[in-house]
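Multiple structures follow.
Here come two complexes built around chain A, the first alongside chain B, the second alongside chain C.
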Partner chain A sequence: MKIKQNIAISESGFLFDPATGHSFTTNPSGLRIMQLLREGKNKSTILEQLAQEFDTEHDTLERDVNDYLNMLNYFKLTQS
Partner chain B sequence: MKIKLVIGVTALNAIDSPGPGIAVIRSLRDSKKFDVRIIGLAYEFLEPGIFMHDLVDKSYQIPLPGTGMEALWQRITQIHERESIDVLIPNFDAELFNFIQLADRFKAIGIQTFLPTASQFENRHKTNLPQLGKISGIAVPETRSLNTLKDVRNVSKDWTFPFFIKGRYYDAIRVFSEEQANAAFHKLAAAWGYPVIAQKNVSGEEVNVTAIGDGKGNTLGAVAMKKMYVTDKGKAWSGISIADEDLLLQSKKLIQALRWPGGLELEWIKDANGNYQLLEINPRFPAWVYLATGCGQNHPEQLVSLALEQPVEAIEAYETGKLFVRFSFDLLVNIEDFEKITTKGEL
Partner chain C sequence: MATSKKPYERPVIQRLNAGVTGKFGQPSVTASVSNIDGNSVDALIQQFGSPLFVISENTLTKTYRDAERAFTNRYPKVQLAWSYKTNYLDAVCRIYHRLGAWAEVVSGFEYEKALANGVEGSKIIFNGPGKSAAELEKAIHNQSLIHIDHADEFYVLRELVQQNGQSARVAIRVNMDCGIYPQWDRFGFNLENGEAFNMIEQICSVDEMHLEGLHCHIGTFVLSTQSYSIAAAKMSQLALQIKKQFSITIKYLDLGGGFASKNTLKGSFLQGQDANPSIDKYAEAICSAILKSGFNENELPLLILESGRALIDESGYLLGSVLSHKRLGDGRSALILDFGVNVLFTAFWYDHKISTTQVHGQWQEDMVLYGPLCMNIDVVREHITLPPLNKGDKVVVHNTGAYNMTQWMQFISMRPAVVLIDRNEKPHTIRLRETTATIQAQEKIPNHLTHG
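Let's turn to the complex of A and B:
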């Protein structure tokens, strides 16, 4: 999964899709996922990275990351 | 060095359903090519632009469009004798026909315009959209002309509610029953004349494009905007510049089909399937055209260059993610100023 190239992501977690005019805010952990996606990381690498950075159970982490990626798809912020 | 010009601009009604005049003037004031003296042309005494002395250098009252072409001609020539107008930019749908008819006579006395022909003006009319859609390959919601109550009855039987009843020039009312459709028909016929238009409702996201064509089919500039806040009159009170390739491509196709000369606004809706359908073509700049200027495309400046037969390069790029937010502001006006515009027809 990749974030659409034209999506603007600020350091504060503000996202803007210039094709639709939609804007979103994301929390710091969501922002970290977006940054890792931008770097071209796949889901398993993202999970490994987040497991090192956040103190959380693997199952919880995987569920939250899945939810987040589904949400990015729902809002059409991703491309294949 | 900037070229000094005197430019006459109409539609100074910067009200809750604003005319484009003030946005056009702000764009011209921002021009890097022209140093402009603005002559405001107003129909009503209380058009706010008359009293915006930092934007409008001098204002004159002009006769209402219904008074006819000759009355407008007399008044403009009278103003021209005093002000030596170089370029005229009319900005109201309802006045355009008179200005189009007078364009050659204006040119003969040294006033330049850049307007569509009468047939181009008619071709983009709401009633002609389905035909235009067929020619240009653009999706248009089903549309019918209404001239009698029988037409209203028929459309109410054939279509499911809600749908829109639209005025010939302005206004649209969403109706949910035949009774409401009848009332809307009478109201809009009284305000804007016949035909009244019925248009099927399309659910989706409204996006508009302000653009300028060179009259040969080329688009010289186009900026898209998504409405973020809409007033009860359906006007954008705030919006954001966006750049959807498909939307801009469709807009250019339409300008190509119309061979449109000058400014225009295209009103689109993105339906549930993500396809754009054309709701309306407004034959002049929109009231939000200053957003385009702020994003890097000064369409009114391009229009003046076209009117003066200067070469104009097409601009493709513009800044996205720029917002406009309208606001209300109480101008304080001295009674002497109000007296001048009401008694002398100028300020």
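Let's turn to the complex of A and C:
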């Protein structure tokens, strides 16, 4: 999964989609996922990275990352 | 060197909606509640299980004292009667009785509970439309205050007192137009069409019946204090009319209950905490109306109040746990909690205030709260804004003291334990959590189904 190239992402978690004019906000863990996607990381690498950075269990992380990626699709922020 | 990990919060992304804000403005942020009367929520759940009802004796006592003060500051003769149907756990009832409350019961079952809780028969008010002959006989024997609800009850009562030659202390239940829509006219006898006065005439014709009071129950969660003012004025005029026509001094006026608690009714624009009348406003409306109605100072009737909800709602909490976070088809978040509408019956009426137990960041999201029942109606809140919660997180539902611990249903899952935190902040189990054995103890299997 990749984030569309034209999506602007600020360091504070503000996102702008120039194609639709929609703006979004994301929290720090969400922003970290966006950054890793931008770096071209796949889901398993993202999970490994987040597990190293955040204090949580693997199952929780896996479920939440799946949910977050689904929401990126739902908001049409991704490209194949 | 080991590096410490950052605290985790479920990743959330939200679309920003620019433009005019909705009529509800910004969503309110509810502060987390990790502690109830000196007991941590986590520790209570660990010790007594989840979900769990908790009752604060401190809050209960303070609310009772505040209500008592609100009325006694304005009127010389006041008696509160604890409404058993609101919460008839024995420990709860006994606290009210120790504070000075009489018992107000609406069934033989509640009547038995009141006696077992040590209430003198003469301090039990027997309301309700479903009293049996045997229950009435007991109430006559105990000199309880019997509030006659309908003509058939009067005839049964008349037969009993005439057969036994024992006198009964009675009142009639009066319904009237107090400006409330829809008007409650199902309890007692209507004032405006003359039915109430006709019944009073009949009661006065029976030597063994002593008409001591007048009772009304104008509604529930009544937000208009003016309605109580009208009810109190009409009841007073009726009492004065009885005095004039039958030379009977009405000893008490019972204005029933129906005062709102601090809960927020579904569909209400403002939060109940801010918008609902205080107990002082109800007291002012009722006491002023009686004092202005023309009673001689030495013949002022005793004022009885049977408020339940307003006295106990705030002292009750329901603690629970998140079973899962899930995503709905339209992108909304939803949480499945370990308690449903079978336990939190009042979720059908109120948008309950619900808090988390941990301090979260600034992130909040709109979500739906579901219970664990496999039923579509099992919705605890259709819409609420909460931090991103995950499996295992705890929540606290506020203002649950009234009706939940009586109207709850054993449906699909068991009813939880109830813990009372006493005035020294010590928790006590006052009702055990149900088990499969609790339910099965009531069942019987016919012989032909016992084998093979």
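The working rule: the second predicted complex is superposed on the first by the 80 of 80 C-alpha atoms of A that agree within 3 Å, B and C clash if a C-alpha of one lies under 4 Å from a C-alpha of the other, contacts with A are read in each partner's own complex, and residues count from 1 in each chain.
The criterion applied here is as follows: a contact is a pair of C-beta atoms (placed from the backbone, for glycine too) under 8 Å apart; a residue touches a chain by one contact, two chains touch by 3 or more.
Computed from a prediction, not measured in an experiment: that's the story for all the values here.
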Chain B and chain C placed together on chain A: clash or fit? fit
>> Applying the document's definition of touch, where does A:A8 land relative to chain B and chain C: first, second, both, or neither?
In response: first
* Asked: Can A:L72 be said to touch chain B (first), chain C (second), both, or neither?
  -> second
Contact-wise, after the overlay, does A:G40 reach chain B, chain C, both or neither (first, second, both, neither)? neither
*asked:* Looking at A:A19, would you say it contacts chain B, chain C, both, or neither? Reply first, second, both or neither.
replied: first
Larger residue footprint on chain A, choosing between chain B and chain C, goes to C
Geometry row: CA centre of chain A as apex, chain B and chain C as ends, angle in degrees (steps of 10) is 90
Worksheet item: Which holds for A:D55: it touches chain B only (first), chain C only (second), both, or neither?
Response: second
Closest CA approach of chain B to chain C after superposing, in angstrom, is 5
Chain A contact set shared between chain B and chain C covers 23
The residues of chain A that touch chain C in their complex are 15, 22-30, 32-33, 52-56, 60-61, 63-65, 67-68, 70-72, 74-75
As the complex stands, chain A meets chain B at residues 8, 16, 18-21, 23
Touching chain A in the complex, chain C uses residues 5-16, 18, 325, 327, 331, 361, 363, 388, 390-391
Given the complex, residues on chain B that touch chain A span 205, 207, 225-226, 228, 239-245, 320-321
